[in-house]
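Each in structure tokens, the structures are laid out below.
Heads up, the next two complexes both have subunit A, just with different partners, subunit B and then subunit C.
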Partner chain A sequence: MRYRLVVLALAAVAAWVLPYGLSLYAIHVVDVAIVFAILAIGMGLVMGIAGQINLAQVAFFGVGAYMTAVLTTHVGMGFWTAAVLSVIGTAVVGLLVGTPALRMQSHYLGIVTLGLAVAFVSWATNSPLAGGASGISGIPAPTLFGLDLSSEYLFYYFELIVFACALAFGMFIVRMPLGRRMRAMRDDALAAGAVGAEVRSLRMAAFALASVYGGLAGVLYAGLIRYVAPETFSIANMFLLLAMVIIGGRHSLVGCVVGALGLSLLREALVDVSTYAQLAYGAVVALTVVFAPNGLAGLPGRVRSAWGRRRPDKAAVLGDFQPYEPASPDVVGGPDRDDWILDVRGVGKRFRGLIALQDVSFQVRAGEIRGIVGPNGSGKTTLFNVISGLYKPSSGQVIFAGKPATGRPPHQLAHAGMARTFQNLRLFHLMSVRENVLVGLDRSRIRSIWRYLLWPIGVFRDDREMHRAGDELLARFGLVDFAPAAPRSLPYGTQRRVEIARAMAGRPRLLLLDEPAAGLNGEEVRQLGEIVRSIRASGVTVIIIEHNMGLVMSMCERITVLASGSVIAEGTPAEVSRTPEVIEAYLGDAEVNDNFSAEDELPPATVLDATP
Partner chain B sequence: MQVFFQTIVGGLSIGAIYALVAMGFSLVYRTMGLVNFAHGNVVMIGAYVASTFYMTTQLPFAVSMVIAIVVTGLIGVVIEWVLRPLENRDFDLMLIGTIGFGIVLEALATIIWGATGRAVPSPVPAEPLNLLGIRVRTYNLVVLGIAAVAMILLMLFLQRTKRGSAMQAVAMDYEAATAVGIHVGRSNAIAFAIGAGLAALAGGLVGPLLYVSPAMGGTLGIKGFAAAILGGFGSIPGAIVGGLAIGLLDGFAAGQFQGYSEVVVFLVFTALIMIRPTGIFGERTVNRA
Partner chain C sequence: MHSLRNPRRSAAVGVAAVLTLLFGACSAPGASEKAADTPADAAAVSGSDQAGSASPGSTDPIKIAVVDAQSGQLSSLGAWESKGAKLAVDEWNKAGGVNGRQIQLDVFDDQGDPTVGTNIAKKIASEGYIAMIGTSESAVTLAMAPVLAEEKIPNITSGQSPALAELKTSFLFLNGPTSVTYDESLAKHIVDEKGIKKIAMISNNGGYGKGEHDAFLAALSARGVTPVADQVVTMEQKDFSAALTKIREANPDLIFIGSEEVEAGLIVKQARDLGITVPFAGAAPQGTPVYIDTAGAKNVEGTIVSSPYLSNETSDASKKFAEAYKAAYNETAELHGAKAYDGTNIFLTAMKTSNGATGKALADAVRATKYNGLLGDFAFDESGVGIFATSIGVIKDGKLVAAS
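Then we have the complex of A and B:
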């Protein structure tokens, strides 16, 4: 921490004395580089942090610059009024350009935003309002508190302050709950929704942020150059900006800034051989994505891990699970109580021709541990996806805690008290174990986003509170030693436990576990049973899909058996294991195997009940 | 009426070019999950190579095309080889990597052929053909004819030949394809060669239609990509329909809105893709969150 403060102070002093050693031309180059750095922060936020492939960032830059130009020259506004309106206007454009992100992602979003960027350049080149190909000149020089900012040296200091604020605000967002939810959404949008992140709103927030940074850069550019023309906002410059962010390291805002400053200055140094420079940075981009996907910002981490491998510190151990405080009996409920927490009524789900679920009905009492078993492909996970809001059922409805859950998005259900794990582990793999749990703890909503701008102290306090609760949770699940680790570096069984901890972080009333014992060894399965029983004892209802019959039979009060998308049996473990349909579903069709009668030759209990 | 039909023929012929570009995108994408954003720039290189040989060494148009196909094929192999570690893993990074290759190709073209670009003469007589009272550019019909033959041959290859079926199988599940004895590597190489060949064909054909310049790759690539998405990414019939649709949209927008045609094309495209993100024929292979 102290080391960082020293570096920061040195950087500030260096930035402050820099102009004294620079010629008029050099300070101009630096001024332009800072504009690109601000633009790159916005790009890093939307692409590196929120995972939205936005190739219209240079158009946001253009909208900001052109709006300032039009408002000052055509409308005759003062520079600062125009500047504020331009940033607001760019944010509106950003939200519009971001709407496709609600429906598509990845390369689809890339091509749509790139197309819109092309459309913007085309508009600017043709519109009389924008001055056509020759652009708009004669933007008045801004003055601030009587200082004439037409001096590029003074403008440098003004820019420096804006840049420092922009970077600090960006880094604040990245480290606080909002940025954490955005990173979670980037790593796995489905899982982020399931732990309560409002994925759609977060995507829009990311575009809004990116466009505000773009607009800010545009305003500064207009004030600095006092002339705008279409070629500044061309696709070639969009790709240059992309190169800055990729080479610098898209997951780190400081990396983005380093990339932007470095490439801007290099471009200026190589201006005589610009085509070869273009060749070189294109090649570096192609090689970066393959060999150093985290860019320059990822290098220190690589060096450190190469260093660390040589002198291994003490091995991290998975601690014991500390059981929850059992809740009082009237909260816990149990199999003999009559209030349903989950009521599935005649749910059907079809994917085009395929019927995955057909008229599935069952009810789960509060405080129960319910097992759902069935052969592979019988629709168990589809059922979970319907209950947790990932799929909309084709027919029927789901009632959760007395309220209809059908058609509500996953994050709303998460806020209402539902949590789940996934069959194929969906941890946020670029975030640490601690951050994974913190995302689960995070109950803040997008509507309180204003606090980031107006009441950052409150955000900071909330975050500290979350960290405290997170550490408590990590200790309970015995994960303290793994808190800073990347999930993928952990043993499989530990990853499973992290996922359960993340689900429990939201203090759910209903926990859905999808094959939590898959891939666990005997001891880990025993620990899992202990964890699930303790979770139930604390008053949480648990529904568990599992193939490990020993675990299911020993732990669940009631079992629902699915086969080919329908419920074929329900009851206590003993009842279910005697049902002929269940035996048939597990052993095959009775008519085919008519040589032996299942009931005579193989007592069902020994088939299904593997408990010792 | 005359103008209307001329716009249709003009739109269809540039649409056929987009369709060839989109087919290249889709074919490569479905077999190896590579989103090749540099495809438009490969087309540009194809256009330059074909026109260089056709114009300076007086080789027949067809021979120039073959040389162009070989050159673009080699470029395709290099791109695929460098980005192989990302295939079927990280689409976003791969997309950015191919953008990097696009930048390289554009710079290379500028170094070799200069930044200004060139007009390529039409290999067929310039005077318009009179078709049922409608006068159309002869070369437009040539483009439509060649593109149609190429599309039919590709469809027949994919559906009727053993190697084509093998490629379809690889597209659906490459692990299962390996298990039944299909040489996935060879199948991918063939897909890439065909993709590059389509790029060169599109480049060679587009030369006399548009002005050939290092920057043309960007526009062709974006519109070809848009065509592929509009038709349904990964679907060959989708690529054809999407390409023709974008071409027609282009033609009519240019007639109606002149300079603003690009604005209109991309706004309409955005609106259409918002309504139906999976495209007309639905997306093939891979899922999206």
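Then we have the complex of A and C:
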């Protein structure tokens, strides 16, 4: 911390005295580089933090610059009025450009946004309002408190303040709950939705943020160059910006800034050999993507981990689970109580010709541990996906806690008290164990996003409270030693426990566990049983899909057996194990079993990867 | 980045940093900067001091910057321009330079990007270049113009956008006519002299195509002619049958093309395939070998071209220029090289007559220079345009010749 403080203070002093050592030419180059740095922060936020491939960032830049130019020259507004309107206007454009992200992701989104960027250049070249190919000249130089900012030195200080605020605000968002939810969405949108992140709204928020930074950069560009033309916002410059963000490290805003400043200055230094320089940028980008996916910003971490491998730290230990306080019996309920927490009525689900679920009905009482068993491909995970809102059932309905749950998005169900884990572990792998749990704890809504701008103290307080609760939860699950670790660096059993901790962070009323014992050793299975019993004792209803029959038989009050997408039996473990259909479907003779898997096996990957 | 720190403390640090900057900004360095205590500053200051005050006694080389696109889409134009400028400078240096001083010509690559252009403008100002031979990229020139005017560096550009003339800075000159002149001459020839009124237009939506479209349409409107078809294509398009079919339906007597060499050639080729037989017309790109080769010599027969430089065989001067160009670069000379050659010669002549003046004095000397060049007789007005006419040529047997 003290080290960082010193670095920051040194950087501030260096930035302050920098102009004294620079010629008029050099300060201009630096001024332009800072504009690109702000643009790159926006790009880092939308692409690196929120995981939305946005190739229209250069168009946001253009909208901001052109709006300032049009409003000052054609409409005759003052520079600052025009600047504020331009940033707002760019944010509106950003929201429009972001709408495709609601329907498509990854390279599809990249192609659409790239198309919009091309469309912008085409508009600028052909619109009389934008001055066509000759652009708009004669943008007035801004003055601030009597200072004439046409001096590039004064403009530098003005830019520096805007830049410092923009970077600080960006980093603030990244570290606070909003940024954490965005990063969770980037790592795994499905899991983020299941722990309560409003994925669609977050995508729009990411585009809005990126466009505000783009608009800001555009306003500064218009004030600095005082001329706008279509070429500045060309696809070539979009790829330069992309190179800045990728080389610098897209997951780190500081990395984006370093990439932008570095490449801007390098580009200027190599201006005499620009053909070769452009080839070199391409090569460096390709090498970065292959060998250093996190760019320059990722290098310190890699050096540290290489160093750490040579000098092993004291081994982190998975602590004991500390049981929850048992709730009073009338809250806990149990198999004898009459109130249903989950009522599945005649649910069917078909994927084109394939019938995954057919007329599935069952009820789960509050406080019960319910087991769901069945051969591979019998539709268990599909059933979980329907209950937790990832799939819309083709027929039937689901009632959760007395309210219809069918067709409600996963994050709403999460907020209503439903939590789940996944068969193939869906942790947010670029975030630490602590952050994984913090995302689970986070119950803030997108509608309170205004607080980031107007009441940051409140955001800080909430975050501190979340950290306190998070530390408590990590201690309860014995994960304290692993809090700063990356999930993928942990043993499989520990990762399973992290996922349960994340699900429990939201204080659910119903917990869905999808094969939690898969891949665990005997001792770990025993611990799992202990954890699940304690969770139930604290008043949470648990539904568990499991193949480990010992665990299911010893733990569950009632068991529902699925085969070929239908319920074939339900009852206590003893009852179920006597049912002839179960014996046939599960243990039965080899012939039946073979036919079963050949006809009805659903590849689990297909089921899980389908977006809701 | 993702490590979690105490948010309160980092906020405090951030506020401290911003405050430091705020206090720092109070003592503006821009003012003290001119006092120059570093070598870079000294260069900057001497650069701006030079402007306006001639130093006749000096024997240092005269520094002239050539700024054009050496990389990117327009790099072929940039290469021609810098070759034309270099040819002129080499001839002067061989003949003893300007009043005994040699000329140093340095090429800067603007990459076709206006922002890079402003960087270069600041750079040549701080490195003591007294004049600039500029790019055909009008947007880059427009971005650089205010900086060069502020730094008092006269410059002559290959751009032809009317917006350049509208700037009316006293430091910007054009080494050719504006696009308005090209299309005005063309419309005059077609409508007034040949009496063709059924005209179709096809142009692309890029910077050049859009400029040609607007200028030719304006010239037609001034004559009370409305085009029978007005098709716009994109710069990346390769198949023009939809646009050409519409033009065929309109049954024009002539088709105007506003597009670069290769695309124009493809358009003509596809038009002939669709059975369109009427002649085409256009500006300088439609007179080039690239256009003729792309379309096929038979297909472009009769194309009417408006250009200030019809061919290397037009006059003795152009023959001499083409020979020298061929000898120096082993390439055939063409319009862009000729324009840059003329512009450079005008500037060097002005330097000679003004006895090595710089800044405003040099700009005034350029304005006063009457020069008989490859493109015609230059006489600059206050907007910086020196030539107001183009010649009309026709492609006959695969060669561009003056129209009878």
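For the reader, a short list of remarks on this structure follows.
FYI, the second predicted complex is superposed on the first by the 586 of 612 C-alpha atoms of A that agree within 3 Å, B and C clash if a C-alpha of one lies under 4 Å from a C-alpha of the other, contacts with A are read in each partner's own complex, and residues count from 1 in each chain.
The criterion applied here is as follows: contacts are C-beta pairs under 8 Å (C-beta built on N, C-alpha and C of every residue); 3 or more make two chains touch, one makes a residue touch a chain.
The shown structure was predicted, so the numbers you read here are calculated from the model rather than taken from an experiment.
With the C-alpha superposition on subunit A as described, subunit C and subunit B clash in the combined arrangement. By the document's definition of touching, neither partner reaches A:Y324: not subunit B, not subunit C. In the superposed model, A:Y391 makes contact with neither subunit B nor subunit C. By the touch criterion defined above, A:T125 lies against subunit B and subunit C together after alignment on the C-alpha atoms of chain A. By the touch criterion defined above, A:R226 lies against subunit C but remains apart from subunit B after alignment on the C-alpha atoms of chain A.
In the overlay built on the shared chain, the residue A:D272 is in contact with subunit C alone; subunit B does not reach it. Once the two complexes are overlaid on the shared chain, A:I111 sits against subunit B while remaining clear of subunit C.
Judged by the touch definition given at the top, the superposed model places A:A26 against subunit C, while subunit B stays out of reach.
Once the two structures are overlaid, the count of subunit A residues touched is higher for C than for its counterpart among subunit B and subunit C.
In the superposition on chain A, contact of A:N237 is made with subunit C only, not with subunit B.
Taken together, the two structures place residues 122, 125-126, 275, 278 of subunit A in contact with subunit B in one case and with subunit C in the other. The part of subunit C that touches subunit A in the complex is made up of residues 1-11, 13-14, 16-18, 20-22, 24-25, 28-30, 32-33, 38, 40-41, 43-44, 70-72, 75, 108-109, 111-116, 118-120, 122-123, 125-127, 137-140, 142-143, 145-146, 161-164, 167, 205-208, 210-211, 214, 234. On the subunit B side of its complex with subunit A, the touching residues are 35, 37, 82-83, 85-86, 90-108, 110-111, 115, 218-219, 222, 225-226, 229, 233, 258-263, 265-267, 269-270, 273-274, 277, 288-289. Listing the residues of subunit A that touch subunit C in their complex gives 1, 4-5, 8-9, 11-13, 15-17, 19-26, 28-29, 32, 122, 125-126, 131-135, 137, 147, 151-154, 157-158, 160-161, 164-165, 168, 171-172, 174-176, 183, 221, 225-227, 229-232, 234, 236-237, 249, 251-255, 267-268, 271-272, 274-275, 278, 297, 430-432, 434-435, 456, 460, 463-464, 467, 484.
Only residues 51, 53, 99-100, 103-108, 110-112, 114-116, 118-119, 122-123, 125-126, 188-190, 235, 239, 242-243, 246, 275-276, 278-279, 281-290, 293 of subunit A touch subunit B when the two sit together in their complex.
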